[in-house]
Every structure is written in C-alpha cells, then in structure tokens.
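One chain, chain A, appears in both complexes that follow, with chain B as partner in the first and chain C in the second.
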Partner chain A sequence: MGKRSFSHWLYVAPALLILAFFLVYPAVHTIVLSFGDKTGEVFGGLSNYRFIFTNRGMQIALRNNLLWVVVFTAVTVGLGLAMAVLLDRVKYERVAKAIIFLPMAISFVGSGIIWKFIYAFRPASVGQIGLLNAIVVGLGGEPIGWLIERPWINNFALIFVGIWIWTGFCMVVLSATYKGIPKSLLESARLDGANEWQVFWRITFPLMRSTIAVAATMMLITVLKIFDIVYVMTNGNFGTEVIANRMYKEMFQFKNFGRASAIAVVLLLAIIPVMLFNLKRFREQEAVR
Partner chain B sequence: MSSRIVRILTRSPLHVVIIAICLLWMLPSLGLLISSFRPAVDVTSTGWWSVFQTPLRFTQFTVANYVEVITDQGMGRAFVNSLFITIPATILPILVAAYAAYAFAWMDFRGRNVLFIIIVGLLVVPLQMTLIPILRVFNRLGLSGTYLGIWLAHTGYGLPFAIYLFRNYFGGLPRDLFESARIDGASRMKVFLRIVLPLSVPAIASVAIFQFLWVWNDLLVALIYLGGTEDVAPMTLQVSNLAGYLGQDWHLLTAAAFVSMALPLAVFFALQRFFVRGILAGSVKG
Partner chain C sequence: MRRLAIGLLIGLVSLTLAFTVGWAQQRSLVLQGEMADQEAAAIEATLASFEAATGIKVETVWTRDPALLTTRIEAGNPPDVVLLPKPGQMVSLVGDGLLADLTFMKSQLEADYGQAWLDMGTVNGTLYGFYIAVSNKSMVWYSPAQFAANGYSVPTTWAEMIALSDQIVADGGVPWAVGLESGPATGWPGTDWIEDIMLRTAGADVYDQWVAHTIAWTDPLVKTAFEYFGDIVLNSSYVFGGATGALTTNFGDSPNDLFSDPPNAYLHHQASFIEGFFTEDFPDLVPGTDYDWFVTPPIDETLGTPAFGGGNVVVAFSDTPETQALMRYLASASVQEVWAARVGFISANKGVNPNVYPSDIVRAIAGSLVNASAFRFDASDLMPEDIGAAFWQGVVDYVGGEDLDTVLAELEAAY
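== the complex of A and B ==
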C-alpha cells in the first residue's frame, strides 16, 4: 500500500482530534504547571521535581509503587494467562470466567467495603468481623493488623486486592487471542508427541507473545496510576502511600496543583521505556507477517 | 469405562487448581452478597460468615436494603440515564478506534509509529489532571451538563486502550488476506469492513466489555462534566447521593453494588459467545 495517498488521515483524524483535546491538551497544561511553584501559579523552576525526589513521604510512595509494579504485573499477567489457557479445557469455562471477571464489575466503593471486611482487625478480646483474622484466631493465633503492619504485610494486602480486581482483565484480553490460535496447530503438535508443557512453551506462548506484551503494558500503566484501592483502604497511611494517591492528595486536599502536576509528569516519564519496548515489538511484528 | 476413569484422574489436578482459584476469587463477592441481605446492625457487629452458623434462620436475612436502593426516588430515572450515557460512550470509541487502528496497522505513512507511541503513552495521563482544563473549555462551548459532552469525554479516555488493543490484533492478521483482497480490487474501506472487522470480533468484544464497564461504573467523570442534577445523573451518582459518598451506610452500599453490577455482568455473559475458537481458522499460515 505504498502508493501516494492521504486517505490514511481520514482514518486517524477523528481519533487524533478527540485525543488532542481530551488528553494532549491537559497533558501539556500539566507539564506547564509542573514548572511553577507548588501551587503552579508563578514560575518555580524545578522546585516541584526536587520535592518529589527528596521528600521522605514521596520516597516511600516511589518505593511502594516499585513493589506494586513487580508483584502486581507479574501475578495479574501470569495468572490471567494461566486461566485463559486452562479454562479452555473445562466444560464450566463460562462460569469460571465470569467468577474471575466478577471483581472488575464491582464498583471500587463496593470492593473497598468488602476488603475492609476481610482485613478488619480487632483486639483479641472481642469477636473478629474480619474473615482473615477470624481464621487466624480460630487457628489459635493472635489477630494481625493486615492494613497496619508495615511495610510488607499491609502493602501485600493492598496489592492482593489489585490482583483480585485486574486478573480478570488479563484473562479476557489473553483469552481473546488464545481462542484465535487454530486448534489444528495444537493438535498436530500433540500428535507429534509433544506434551502439554511443550505445546504451551513452543506454540501457544510464541503465538501469544504480542498480546502478553499488551496485557503487561496495560497492567504496568494501571499500576503506575493505581489509586482507588489505596485511597479507599488506607488512604496511604501506615507507609502504604503510592504515587497517584499522593498526587490526588496534593491536588484536591492541599490544592498544590504544581506539585500534583510534577507527579503526573514523572508518571508520564516512567512509561517511556515501556513504550520504546512496544515500538521495537511492533517493528518485529511487521517484519514477520 | 476404565479409560474414562483414567482421564478423570489425570485431569483432576487441573480441576482442583481451577476450582480453588475460583473459590478464592468468589469469596469476597460472596461476602458482599451475603452482607447485602443483612440488616444494618448485623453488618457492622458480626462477620458475614456468621450466617452459616444458623443457615436456616431466615429471619437474619432481609431484602430491605434492596428495597431501599431500588425504590429510592430517581433510581429508575438514573438507570435510564446510565444506559443513555453508556451505550453511545461504548460504541463511539470502538468505531473511532477501529478506523485509526486499521490505519496504524496496515497503512504506511510518515510519523505513524511516533503517533502511535504517543497515543499509547497517553494512557498514563491521570484522569484527574484532565478534569479542570477540559471543564473550562466545556463551559465556554456550552458542553458541560450535556450528554454529547460526556460521550466525547468517555470516548477520549477510552480511545488509547481501544486503539492499542485493536492495532495489536489487526496487525497480527496475515498479510495474505490483504494482498488477495487487493488483487481482487477491493478498496481499503471494503477490506476494513469485509475482512478486518469480522475477523476481529473477539478483540472488539473485549474492548466493548471493558469500555461498557468503565463508563457504567464511572462516578468522577459524570460528576464533573454532567453535574449532579437528578434529570441527568447516572446510577453511580444516585447511589453515592443515597449512601453518602464513601459513607458509613455500608448495608446500602453493598446492595447498591450488586444492583449496579447486574448489567455489566449480563453484557459480559452476552459477549462471551464471541470469544470463539477458530475465527481465524484457515487464514493463518501454519
């Protein structure tokens, strides 16, 4: 399709116009504000950026986000892929998929409530209304402050809520591609004597690589922006702060628009390596098809 | 007969793993469901699993929470409003994104990759940062408080993901399809409508599910761009007014959570049948 024509612009123009207004314009606005003082009103040079990388609270948020990035991304994509492949083999696939997908459909207020019920903590002398502590006490242990014990227990408790919500997303996206692999391809490998493990790693995985990359990219972006879980469950207390929650606080609580903008710009910059990886991947896809 | 038993036995680890994960995943939702049928006092005083100690004592359950949520003034209107917001805000981004993704995947033009990377990069722009600048322009254009405004806004926020997923899926379609269509003299538009779209049904179904879900469950965008008036408010807004946003009326919130997730779940079930094997069969190089 190398002939000179401009019709491709007709295909992309509606998307570009809408994106330019709803996302590019606010992004530029944000970048400008980030170089202001903490409220963004007068020029402040790099003061907001200096704050981000020297403030103790921000450093905790950056550290926690790193933990989120590694654990959340690996588990949601890995488990989503496992479910997409394994559920294809059972008769109750639709029901099982609906169960894994269900948490995505619950509004975040709803999931916040239910996880508070699961992690609820009361002193040993009174009855537990949290499921986990009821189990711990039932087994003869001391109740644990799941959302209070820092830094590992409470951060992992929050990350698990994220995994619970987003695994269904990865499963659906990956399943759409898995279903696109012709069954004959898998069958012929099996007839040639390959076991299921080999079929997966030699055929399924290579064919699904680009969708796995899409799911992983989406999860990375989601986790960089992760906000509502932390906001509802701990609001960043007890050392569970994450970057986006901090941004929200700076913006709506303290009205520090400059600082909030700088945090948003850092998020934008953090995604660049992921985008470069995607670019490389698309070039490869084009080379082989 | 015996071969069947062997098969069941060799496959049992598979079922055990799947069922264990499903149970783990269901547990929180089950708690939410049970809580939604319990009186307000019980919800905050004992754990929801305590109903299993006396599972047959039906007096411990009540539908009062649901009655209160559903019969609340304006909930019917809010349901219609939600539909009126969500349906166009799901279809519009799919259309716009599919056209763009087709160009990004199969047309050669300058700046294509750079543009595409910028679009995907826009996924990371926090929604909260866009609200104030957009609202200012909306006010000037008279778009705030209108359905058109919120349809366009949700289209904007949904486009990067939709374009990204479509471009990846379209790009994976085999080149032969396009070459043979070109030899037959089909125009680009014809190739798009007759080949690309029908073969991409699973990808379209997944974008439709998520976009529907996000718009349906959205509170923030509706609150900012539509305003809180009852004649335009969607269900999320109505529910939060009813229960006090993040308020302590947990018994109402649990019931409301189930009422509002019913439709997205129905959409999920309905679209699941498009996740079918073999849509590309015969068109992929082996």
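== the complex of A and C ==
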C-alpha cells in the first residue's frame, strides 16, 4: 500500500510541480503584492482594497463589469439557444450557423477595430464613414457618437461587439445538445396536443438545462475578464472602464503593482464561486454517468 | 551507454563554445522608441552607415505601447538605448538606478545643445539624456489661402482669436478642428491646449509649480486654464462636430478638415509634427500658401508667449563601448541633419545646418526651439505617469460634459 501511494505521487509530481510553479506561486505572490505599496516592497495594509471600493473610476469599472456580466451572458446564451432551436427547422441551417459562428474566428482586437469603423462618427454636415451612422443619417436622423454617449449607448455598443463574437459559440454548443434530444419525445408531446411554446419550455429546456448552465458559466468567466474590446475601442474612456482594463493600466502604465495585484485578487475572488458551481455541476454529471 | 555519454559531452562542449563565441561577438544593440512611422524611417536610414562603420548591429524596436519597456525592464532585459517620449520617465528610471550617465559625452553635448535642453536632460546634477525629434506645441495651423479668400487676418491676441472665431461662425463656417482621439492616449491633444493656455494665463513659474504639484489641481489658476480651453471646445458652434466630434476624431485626421473643399474648419491647435500627417494625406499642399502657422497668441500681455513643446529624450541602459558609440552617433549634428531633411523631424542640436530643413516653415519652428532661452516641456509628460494619464482622462471627462470642479478634484485625489 505504502509503495503504491508513493508511485502514485510520482506520476502526479510533474503536473503538481508545473501547477505549483505556474499557478500557485504567481497567485500567492499576487496576493502578497496586493497588500504592498506601489512598488510592492513596503507593506501597505488594506489601502489598495480601500481604493478599489471607494475610487469613483473603480466604481464605474465594477458597475460596468456587472452590466457586462448580466447583459452579455443573458444575450449570448439566450440568443444562442434561440438560434440552435430555430435554425434546426430551416433548410439553410448550415449556412446560417456558419455565418453566426464566423466572428469567433476573428481576434478580439480585430473585432474591436472592425466595430470601431462601424461606429465611426462624422459631423452631420459631411459624409458619414461609419456604417451605423450612415444608416441613421440615411433614415433622416442625426449622427450619434456610439462610443461617446454615456452611460448606456456606449456600454451597450461595446457589449454588443462581445455578443457578436460569442453568440456563435453558444449556438454551436447548445445546438449539439438539442440535436441529441430524441425527436420521438417532442413528437409525442405534439401528438398529445402541446403547442410549440409548451414543447420548448416543458421538454426541450429541462433536457438542455445542464448544457445551458455550462454555456452560461463559460460566458460568465469569459466576460469577467473582458479586456480586449474595451482596450481597443475606448480604453475605458467615457465611463466604459472595466476591471481588467483598469488592472492593465495600473500595472503597465502606472506601474502600481499593489493596486494591480489587488484588482487581480478581487477578480479572482469574483470568479471562484462560478468555478465552484461549475465543478459541482461537473461532479453531478459524472455521478449520473 | 558510452556512446550516449560521448554524445552528451560533445553536445555540452559545442554549446559552451557557441556561447563563448556568442558573448565575444556580442556587438549588437537594441534601440527602442515610440516613434511615428516617418520618424522611425528617418532613424533607420542613418543606422545603416553606423553599422557599416562600426560593425555593431543595431536591432530596432518601434512601438506605440509603453508597456513594452516596463516588461523588458521587469524581465531584466532592457534595450541598450531608448528614445523616451517623456522626461518624467527618465527621472523615475534614474531613481531606480537603471540608466547609465552621459558624462563620457558631456563635452560633445555641451558644444551642440543649448542650456535649456541640457538642463532638461539633467537629473540631480548629472547628465542622463539628450533630445531628438523635438516639437513646438504652441502653434495654431491655418490656411493662408482660405484666410485671404475670406478676408481673415492672423490674430495677435487671444481676444482677436476669439473675435475671428465669432466672425467665422457669423460667415456660416466652423472655426476649429479639434481631434482628441489617440487610442489608449486619448485626450493628450487637450492637455497640450491647457498647458499652452496655462503658460499664457499664469506664467512659466506657476506652470513649474503645477508640474511639481506644489499648487493643487483645484487651484483657481488651473481651473482658469481649463475654462479657456472649455470656452472653445465646449462651444458646439466653434468646433467641427462639437464635443462628440472632438472626442471621436483622431488627432492625426483632424487637421485634414482644414483642407477639405469647402473647409470644414479654419483653425487647428497642434504641435509641429502634425505637418507630417496632413502633408501625407494632401501631398500637393504648398507650405506658406496652403498652410502656415502662428504662435498661440498671448492672453496676458505681460506673460508673452513662452516656448512650449515636447521631444524624445535619448537614454542609455548600458555603458558598454558599443552603446556609447551609438549614443555619440545619435547626438551628432551630421546624423541629425539627415533626419532634419525629412518632414517634421526637428533637431534641437545647434550644429544642424538650418538649410537642410525642407521648408521655411520647419526652419522657423526649429529656430524658435534651438535658441529658446526658456522652454517649457509638455507638463503631462513631466508629471508622474499615472498623473499624466489621469490628466488625459480628465480632459476627456471635461469635454464629455463632466463638471469641471469634479474633474479637478479627482485629478487632485489621484496623487
């Protein structure tokens, strides 16, 4: 027995070493730094955490992250589910799905630049170069500063870019599960007189619940770390700051290691419950199998 | 087993050999800078002859991302020579003990540079940097052709400039083209406006106190400077596209509005380097006829029009003979003359022959900078980096409609 448990450790040792070196050590180091001052060399107590929760810029970042979490997660998963179910019924399903999935293949930075052009603003007296404002002006409206108008228009304009990228992913994941549902189940419900709405909510949705939860947690983790889109399109100006972008600024622009680490720790703490939920679900699924 | 051991031994020996030879021949340097394409191209063009003459290879890294330098320093692998856009960075790098001093080339620099420029390269009495690619930021660009066509004349006081703006509005035009967008650095052109105004409303001494933070951001003198800027940028009939236009227009595209037909705007406040931007988009413009500049007019006559601008300070992270050779080379007048022959690249070196500049306009700008008795550097580049960035953001918030007292209180709280 003793020998067996030793060899058992030997096998996991490389993985544990790598994990310790690349994950545990940096995490612990970050936590230590978060209690330090600007340089990370002098103990600064809780001042960095006080900054995170009292500074107005940080509060805007926290508020925006919450907005991203709610809107982005709800719309990507909701729209992905709708597409998965509805496109199953049409002939051009493959083409439609390919088009919706396509933005996934574009890098975040690339998407940010593409949408920056689409949202471009030119004064009303000259020709528009941005697609969206060209449409607005074409319909007789005044051009809108999509990335400027705070706090709603610009934040939703940014969140929409994220949705544009990720809806395809949710759709593909959910579509695979949907296709796995035995059609006989749905048909027998229809024969029993259930309308399509009832079939969806009473049969399809409950059967897809675990996949939906997985997709939602995936999106949640993705959106908590949202950085590229904001960095490229507004750099957090005009009240569009998010936590990860602020962390980058504190670290690389302001060289404030203490604050940057504290923000990283807060972000880590925010993600832990989601991870635990995900693990719990995973165990439940394993148990079913 | 023996074969393996021999194989390993041979491998080890050849590796060691390769490393030793590599170290002995380490005649290559890394030069890093945050330069516009044209400026970078000008520097690259002169490095070839340096490489040919010395046998030292120079690898250049051009970036717009200030994080790159931080990362390389943290990794213990800084470039050998860096062109810093902010003297504030030089001061903090000296504080961290990372820079090599330039005592070895002091006589060369003293012969070639005026005292104002030497002072700005000195930290705690020791010379650490010299300036290249300098710019005048106290400039308003306009089109003499358009001014003549409309009967406008160049204003000599701030009040005249406002009167001219009103005149243009009355004639159905828009006076100002303002572009504040600049990616992660959005807002900086607005800080230039405010700094330029500050030198005219409060004077150079107060300006220095403001940079050193011995007067608060909430001081009425600072507020006044913001308000002068606000009187123009927040007036929707003064600015092409209004505040939204100012916030969304890239600084490099903004002057193009002066050269559209009919002109979208007539006046543009921007540094000397902007000439390189609009002449690239409109290569047929004739300097002096289609475009020219006037000094930002005085507000308080007793304070006059102090010289104001920016530049890149060249610093060294190592003191090897190779690095020192490159530093001497970059500081020399003959090399800077090659750069100066290209549009928009102004040299602070006294030894540079003014005839090499491509136009009278650039010659005049260079003359005003080289011989300046007093020169004030862009404040947002002198302040600590987080404060400088907060200043950019403060401008963006102010132009975006935020209450000025709130903006200033937040800037004060950033320390």
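Here is the rule we use: the second predicted complex is superposed on the first by the 245 of 289 C-alpha atoms of A that agree within 3 Å, B and C clash if a C-alpha of one lies under 4 Å from a C-alpha of the other, contacts with A are read in each partner's own complex, and residues count from 1 in each chain.
Just so it is clear, a contact is a pair of C-beta atoms (placed from the backbone, for glycine too) under 8 Å apart; a residue touches a chain by one contact, two chains touch by 3 or more.
Small disclaimer: the values here were computed from a predicted structure and weren't measured.
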Worksheet item: More chain A residues touched by chain B or by chain C?
Response: B
Item to complete: Mind working out whether A:122 is in touch with chain B, chain C, both or neither, as first, second, both or neither?
Response: second
Item to complete: Check the residue A:22 against both partner chains and state whether it touches chain B (first), chain C (second), both, or neither.
Response: first
Item to complete: Check whether A:71 is in contact with chain B, with chain C, with both or with neither, and answer first, second, both or neither.
Response: neither
Discussion item. A:11 in the overlay: touching chain B, chain C, both, or neither? Say first, second, both or neither.
Written reply: first
Discussion item. In the overlaid three-chain picture, which partner chain does A:189 touch, first (chain B) or second (chain C), both, or neither?
Written reply: neither
Worksheet item: With the two structures laid over each other on chain A, which partner does A:114 touch: chain B (first), chain C (second), both, or neither?
Response: first
Discussion item. Let me test your reading of the model: by the given contact rule, A:137 touches which partner, first (chain B), second (chain C), both or neither?
Written reply: neither
Practice prompt. Give one of first, second, both or neither to describe whether A:282 is in contact with chain B, with chain C, with both, or with none.
Written response: first
Worksheet item: In the superposed arrangement, which partner chain does A:249 touch: chain B (first), chain C (second), both, or neither?
Response: second
Worksheet entry | chain B and chain C contact sites that coincide on chain A, given as residue numbers | 248, 252
Fill in: Contact set on chain A toward chain B in their complex
1-2, 7-9, 11-12, 14-16, 18-19, 21-27, 29-30, 79, 83, 86-90, 94, 96-115, 117-118, 127-131, 134, 164, 167, 169, 172-173, 175-177, 179-180, 182-185, 210-211, 214, 217-218, 221, 224-225, 227, 232, 244, 247-248, 251-252, 260-261, 264, 267-268, 270-272, 275-276, 278-279, 282-283, 285-286, 289
Response to the item:
chain A partner, complex, touching residues on chain C are 66-67, 70-71, 183-184, 186-187, 240-242, 244-245, 247-248, 260, 264, 385-386, 389, 393, 396, 400, 410
Worksheet, complete the sentence: As the complex stands, chain A meets chain C at residues 56-57, 120-123, 125-126, 145, 147-150, 231, 234-235, 237-238, 248-249, 252-256
Practice prompt. Would you pull the chain B residues touching chain A in the complex into a rising list?
Written response: 11, 14-15, 17-18, 21-22, 25-29, 31-32, 35, 44-49, 96-97, 99-100, 102-104, 106-109, 113, 115-126, 128-130, 133-134, 137, 152-153, 155-157, 159-161, 163-165, 167-169, 171-175, 182, 188, 202-203, 205-206, 209-210, 213, 217, 219, 236, 240, 245-246, 250, 253-254, 256-258, 260-261, 264-265, 268-269, 272, 275-282, 284, 286
